[in-house]
Every structure is written in C-alpha cells, then in structure tokens.
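What follows is a single structure, written as structure tokens, with notes after it.
Each chain carries a letter (A, B, C, D, E and F) given by its place in the written order, and its residues are counted from 1.
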Amino acid sequence: MDRWEPLLRGDIGKMAMMVTLLSDGREEKELVQAVRRRGYLIVTGKVGSMDPQKVVGSIESSVKRQALIDSDLYREEHALYHAMMEALLGISRGQISFGSVLRTVGLRYTVLRGLKSPNAKEEKDWIAVAMYGTIGAPAKGAEHEVMGLGINHI
Amino acid sequence: MDRWEPLLRGDIGKMAMMVTLLSDGREEKELVQAVRRRGYLIVTGKVGSMDPQKVVGSIESSVKRQALIDSDLYREEHALYHAMMEALLGISRGQISFGSVLRTVGLRYTVLRGLKSPNAKEEKDWIAVAMYGTIGAPAKGAEHEVMGLGINHI
Amino acid sequence: MDRWEPLLRGDIGKMAMMVTLLSDGREEKELVQAVRRRGYLIVTGKVGSMDPQKVVGSIESSVKRQALIDSDLYREEHALYHAMMEALLGISRGQISFGSVLRTVGLRYTVLRGLKSPNAKEEKDWIAVAMYGTIGAPAKGAEHEVMGLGINHI
Amino acid sequence: MDRWEPLLRGDIGKMAMMVTLLSDGREEKELVQAVRRRGYLIVTGKVGSMDPQKVVGSIESSVKRQALIDSDLYREEHALYHAMMEALLGISRGQISFGSVLRTVGLRYTVLRGLKSPNAKEEKDWIAVAMYGTIGAPAKGAEHEVMGLGINHI
Amino acid sequence: MDRWEPLLRGDIGKMAMMVTLLSDGREEKELVQAVRRRGYLIVTGKVGSMDPQKVVGSIESSVKRQALIDSDLYREEHALYHAMMEALLGISRGQISFGSVLRTVGLRYTVLRGLKSPNAKEEKDWIAVAMYGTIGAPAKGAEHEVMGLGINHI
Amino acid sequence: MDRWEPLLRGDIGKMAMMVTLLSDGREEKELVQAVRRRGYLIVTGKVGSMDPQKVVGSIESSVKRQALIDSDLYREEHALYHAMMEALLGISRGQISFGSVLRTVGLRYTVLRGLKSPNAKEEKDWIAVAMYGTIGAPAKGAEHEVMGLGINHI
C-alpha cells in the first residue's frame, strides 16, 4: 500500500478532486499510478485561457488522445461534454464566460473513468471531471481560486 | 509538524476543500487543529436538505455561533453570503434549486477565514466556503457527488 | 411648470426610475401628477416579501385595479409580466429567488404606460416597471440596495 | 404501413415531439403503437402544476411504472433526470420556476427510449423527453404555448 | 382541404413547430401554403453556425426581407427579438452560447405571425419562432437534436 | 446648500443612480461636486460597445486611473469586479452577452465609494456601480432603456 492510497479512498468525484488538488509537483506520477491501481482510467493536464472553448477543446483532446473515451462513440463524447460543462459552471459560478467578461483562468484538471462508488459495480462506468485553479483579471496577479466538479454516467 | 500539514499547504480555497474532503471520521479534529495552527479561523459542519434556505441558514448559524465573522457587521455577513451563493452554484451547477426540482443534498462544509495566500498579508482577510457531498433523488440512494467552492474578500 | 418637471424629462424608463427613487415621502402625489401631465398612466406601490410570487402578484393586482392595463386582454398582461420578470432579474442579479436562498426584499415600484420616447408616437404604447429597495437577511437590518428596470412593448 | 408512419420518420427527438404535438385526442393510441413498431419504448402523459417538482415527479413515476427505465439502476434515472431538466429549460426559458414567479403549466409529455437515429445502432439507447403545453397566470385563461425537448444517452 | 390541414390545427406555436418538423423536403412549399390559407404570415429558413449572433441575424434578415414584421417599427423588431431569445434558450438549454463552449448548431426555423389561437381575435397578432435541428461538436457528426419555441405578442 | 443636495439624500446606491440618471449635460460637474461634499469618491463616464469586456475594461480603467480603488490591492479590484457583474446582470437581464446575441449597449455609469448609509460608519466603505443607457440592435436606432445597479463591501 502506497502513501496516497488512504487519501484516494471514496467515490469517483472525491478521487478526481484529490488528484487535482495534490498533483502540484513530482507527486503527480505517483498519484496517477495509485488511481490506476484502484481500477480507474485517468487523464490529467493543465490549461490556461480567456476562452472557455480552449478549455473544453484542450481537455477533450487529451481525453481522446489517451483513449479514456472511445472517440468513435458519440455517447461517450456526450457524457464527457456535459461533465465538463457542469465542472465549468462551478468554475464560473453561473455563466460560462471568461474573456467576454474580462477574466482569465489557469486550471489543472483530472478526468476519471470507472465505478461511481467502489461497490456500485452494477452502475457500470461513470466519468468525473475535476478542475482547480485560479480566475481573475488577465493582466496581473489579481485572481482567486476556483474549483469545479462534473459527474456523468457513460 | 503533523501528518496533515503537507496536505494543507497552499491557498485558502485548497485548504477548505482538503478539510472538507478528508474530514470524514475521527481525523476531523486533527485537521481543524492543523488549520488553526496555520493561522486560520475554521468552522466545519454537515447539513442535509431539499431546501437551499436550510443549507444557507445552517452554515450561517454555525459561522456566527463560532464567531468566524462578527455578527454585528453586515459587511462580514455579506461576504459570507456571496461566498455561500458561489459555492451553491457549483453544487447545483447553474440554478440554486433542490427540492423544487425534486433533488435533495447531503453536504459537509468548511468555512475558513484568513489570508488568501500565505504570503499575501497586504490583502488582509478572505473567506472560503467549501461544500462536498451528494445530490440526488430524495427517496432512495440515487445520487452522485457534488462540490462547490466560493471565495470572497471580507 | 412644476419643480419635478425637469427631473422627469427623458424616456419612459428614466421617468419610472426617477419616480421610484424620489417618491419617498409626501412628494409622491406631486410626482404622480407630474407624470400624468406628461401623458402617461402610472401606478406606484410598495411590497415586501421573501416570496417572488407575492411581489409579482401584488404589482399585477394594483396595475389591474387601477386599469393601467386592460384586464381582459392577455397580450397586455403578457407585456406586464415579462417587464416585471426583467425588473426582478435586476433585483435578484441572475436568479429570481429570495426566500429560497434566505433573502427578503422590501421594494417600492412604479409602473408606467405610454410612449417609449416623447417623440416616438409611431411606436405606440410601451410599459416600464421600475423597482427600488433593499435585499438582505430576513431577521435583521442586514441588507443593501437593489434596483431593477424592465421595459416592453404593449 | 399506417398513416402515422411518414410523420414519425426521423430521429428520436423529432418522434417524441410529433407524438406530443399530435396526441391530442383518440389518435394517441395509434401513435403510441406506431412508435412501438419502430422499436422504441414510449410513455405518454399529462401533468399540470405550479410546482416543477410535481412535473418531475409525475413523469418519473410513469416512466418507472411502465418500465421504460430500469428502476434499480441509478444511471438510467440519472439519464432521465437530466433529459427532463433540459426539457424544462425550454419550457421555462431559462429558470425552472413556475409558481414561485406566479405561473402555472399544463403539459403533455412523451418519453422515448431507443436509437438516437434509425441507423446509429452502435450508439445504443438514448432517451428523449418532449413536453408541450401552456404556461401562464394561474387564475385565468391567460397563457401561451411552450415546448421543451431534452435528449440524453442512457 | 389539403392533407396538411389536420396537422396544422391548433395554436400558433404548434403550427410553427409542425412546419419546422415536417418541412424536410419538397413538402415545404405545400406546408407554407397551408399555413397561409389559415391566415398566417410565415417565413421559413435554415441556418448553421457556431455563433448565436449569426442565427439571430439570419432569422431577423429573412423576416424583414419578407415583411413579416414592419421594419420601420421597433416594437415589432422587439417582439421578434425576444421570441428568438426564448427559442434559443430552448436550443441551448440555459445559456445562449455555442462556439464559446465548442458547440455548433444546424437549425431549420419557422416564424409565424397571426392569431395566438384561432378564436382569439381580440388578442390581435402574436409571433411564434420555432427552431429544430442539431447541436454538437463542430468537427464531426457528433450531435443530437434540439428544439426551441418562443412566443410573444406583437 | 446646492439644488442637487435634496436629490442625493439617501444611501449609496440611490445616489449612484441619481447621478447616472441626471448627469446628462452640463449639470454633471455640479452633481459630482455635490456627491464629493457628501464624503464619497466618485467616478463617472460613458461607454458604448457590443462587447461586455469593453464595458468592464473601460470602467475598471477609469476607476483605477482616478484612484477610487487602490490598484495595488486585489481585494478592492475584486469588490469592484463583482459590483460591475451585478450591474451588468441588470443591464442584460440574466445573461451578460451583447454582441454574441446581436445587441449593442450605450451606457453612462457612476461608481461611488463610501458609506453604505449615511449613519452606518461601523460598516466602513462600500462600492456602488450604477449603469443607465440603452440596449438594442447594432445597426439602427432600435433600442430601449436599461439600468443596472451593483453594490459590494470593499
């Protein structure tokens, strides 16, 4: 048992948020491996933009490139898309707009695919998208933290 | 240095979310003490309801009872209120309604007061409200995880 | 020319807001008369509630009782309803909820019917709903000002 | 081939709306049978209320009672729930509130389960929720039509 | 009596949706004529874009070019604008954004002008805007159906 | 006592709206001076755009240039930002979008800093942002009035 294991106990959303909050430096690799040992597919990354479209596109690309979803099935893309939208509603607190209201975001994200809860095998795969970072004025260090979580059946 | 300290490094929002995610059992007391050692006021609690009003009222009551804000100053209540609203937008992903659309929530929450970032002394006190739990149908275990974070200057 | 006349120059929305902001005491009657001399129908009132439904119902009742709209025509009621909704979006800043998020409002309102602009005769009648007052916690004087304006063709 | 068949050609959403729009009188049974011949599960019904909760509860009950979804699987309930929410956003045009802003709805609804498009077999089952009816003031015939459509993978 | 007539019975919104759903091929001309025989002005068209502005502009242009509204009267343009906004809230299910969240739409639309209900002559003219089509990722056939309906007095 | 003084009596929001409504011509200077005599910092200006970002940027620039807020403190910028967002929700009545839905705005604005109410010294400084002007189609004089007010502790 590794040292991360106790922190990752729980449901898919908690795990996704834990990885996002903790994967700040070199621990990222260990965290990803610990999540995989628990039977989940995982993709992590970073994206910064004034443009929600870039955040969506960047996450979608990594997720497909790393085959967390089946790119040939729209139903999987649809599940991912709505999970991202729900996470972005937490990030933007009500209206998914950044640059159009003169804000920029810098985000780390984690996408997980697997059981919603360790015991809920009959519920099959779910997807969780966690985002954590900052939002603020584009020109200077004027920003505060934001977090968003979206969960969907897949 | 206690074992929680490395997990609590970072800004006020990350700390509030970490406590909320981790304070599942007997570790809660230790976490609260570790946060206090870092110089923050902290209030934690649980609330379950179909009624957003009860969530707001319950958090506001604990926060005042434990003097995290000065109950005689509306400006502090105003800061708390908007931080709660932003956290609830993450929980509800767009429209703060639970029972009126036949959903119920079960939430743990953490409210922190102190520096936005460890070094940002000139920025004075900020408030962070983190909520984590489940949302779903009221009658059965049909639910998934949700998280919300709201941050405000105070 | 009375002393209010210069303050009421302008379009229907400005006039409705001016009356709402100024009609604090005994000047209310004079203001209403000055507006009527400019050729507008006017209804003013007050309403306080945690319930958006009561605000809507109270304004609708006065407006019909004083025959600012023709109660037999749904198209006039429809024009009023959407103008009220737009004013309430300004009051609530995004989601028309008061008590359900533990807020209460105390509002003065003015409803005007007449030309959108003094010269725009061909544009026929428009309706303006202005609301001004406070929003805040229900139990104490913890509140700040809010204003909303809705305008519609009728 | 029956007379309804040409009208029901197309994707799942179009079919759900057609049935909702047409099932006004005795044709309802024929329509339902024509949809079933195309390989879809279908539930139709009516609900009138000032309370979004009643609309959601009423549709959810019929859908479960008639086994369009598997009541033991939360993932199916979750798919239905979000499809209903999306349909209700069309009905309410932005904020799912009826009675709280003094409106009432009278709706017919159709829920379909099956292929998203006749040819998209690899995309498995989707769910469509169509609603059509009126929204308006609660006390009199002051109302106009509304329609909403929500679609989700299941 | 033509074969479309029974399908077009009902109020202005139902008629607008029926035409939109059915006018897939060569029947479009017949449908438009059947609607005109019922005493309504009608404009139909198609628009595809990642940009809500283009959808709004395209519909507004056809409607003016075909004189469904009087271009010299802002009150008619205002009625059309809000009806389009309401239809787009159904299309986007809550926030009118397409490209900014990496979605594109392909829509057929119908705009009708005339009586709200066949018998409601005293209610004068209303306008209905119906839209039906698909929303989805811009690069591939990854999309599902959407529908929106907006109704306003004019 | 000057002639404007009676009109400016009241709380910070009312004062901000009064100045915005009245500062149409040469009275602007007098109004600004009367507000300053009451102990408030004040910035007024005009901005017209299809782009919410330009409205936000323009107000933020004047406010900083005229030192109504301390540009080195993010907490003051944060207070201003949320007050502007709340005012813009009144202007846009629900979703802060102009050009993306083919609308343009022409606005006068007033930003005040000082006591929330004349007597509420213990509540320290608050900020009020009032905006008044028109919204409408970009190409012609097709527009109606809009007003927005946002208030925050600073």
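Convention: a residue touches a chain if its C-beta (ideal position, glycine included) is under 8 Å from a C-beta of that chain, and two chains touch if they have at least 3 such contacts.
Chain by chain, the UniProt names read as follows: A, B, C, D, E, F = Hut operon positive regulatory protein.
Note that the coordinates shown come from a computational prediction; the quantities given were computed from them, not determined experimentally.
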item	value
For chain B and chain E, chains touching each	A, C, D, F
From the options B-C, C-E or D-E, the pair that copies B-D, where over half of the contact pairs coincide	B-C
Chain at maximum distance from chain C, centres defined as averaged CA atoms	A
Distance between the centres, which are taken as Cα means, of chain F and chain D, whole angstrom	45
Centre distance in Å when chain A and chain F are each reduced to the mean of their C-alpha atoms	37
Chain centre separation (chain A, chain B; CA means) in Å	20
Residue list for chain C, restricted to those that touch at least two other chains	74, 78, 94-95, 97, 100, 116, 126, 144
Contact footprint of chain D on chain B as seen in their complex	95, 97, 99-102, 136-137, 141-144
Chain C contact footprint on chain B (complex, rising order)	51-53, 56-57, 60, 74, 77-78, 81, 85, 88, 95-97, 100
Residues of chain F defined as touching chain C within the complex	7, 10-14, 17-18, 21-22, 24, 86, 89-90, 93-94, 116, 126, 128, 130, 132, 144-151
Chain B residues touching chain F - in the complex, by the definition given at the top	72-75, 78-79, 82, 116, 120, 122-124, 126, 152-153
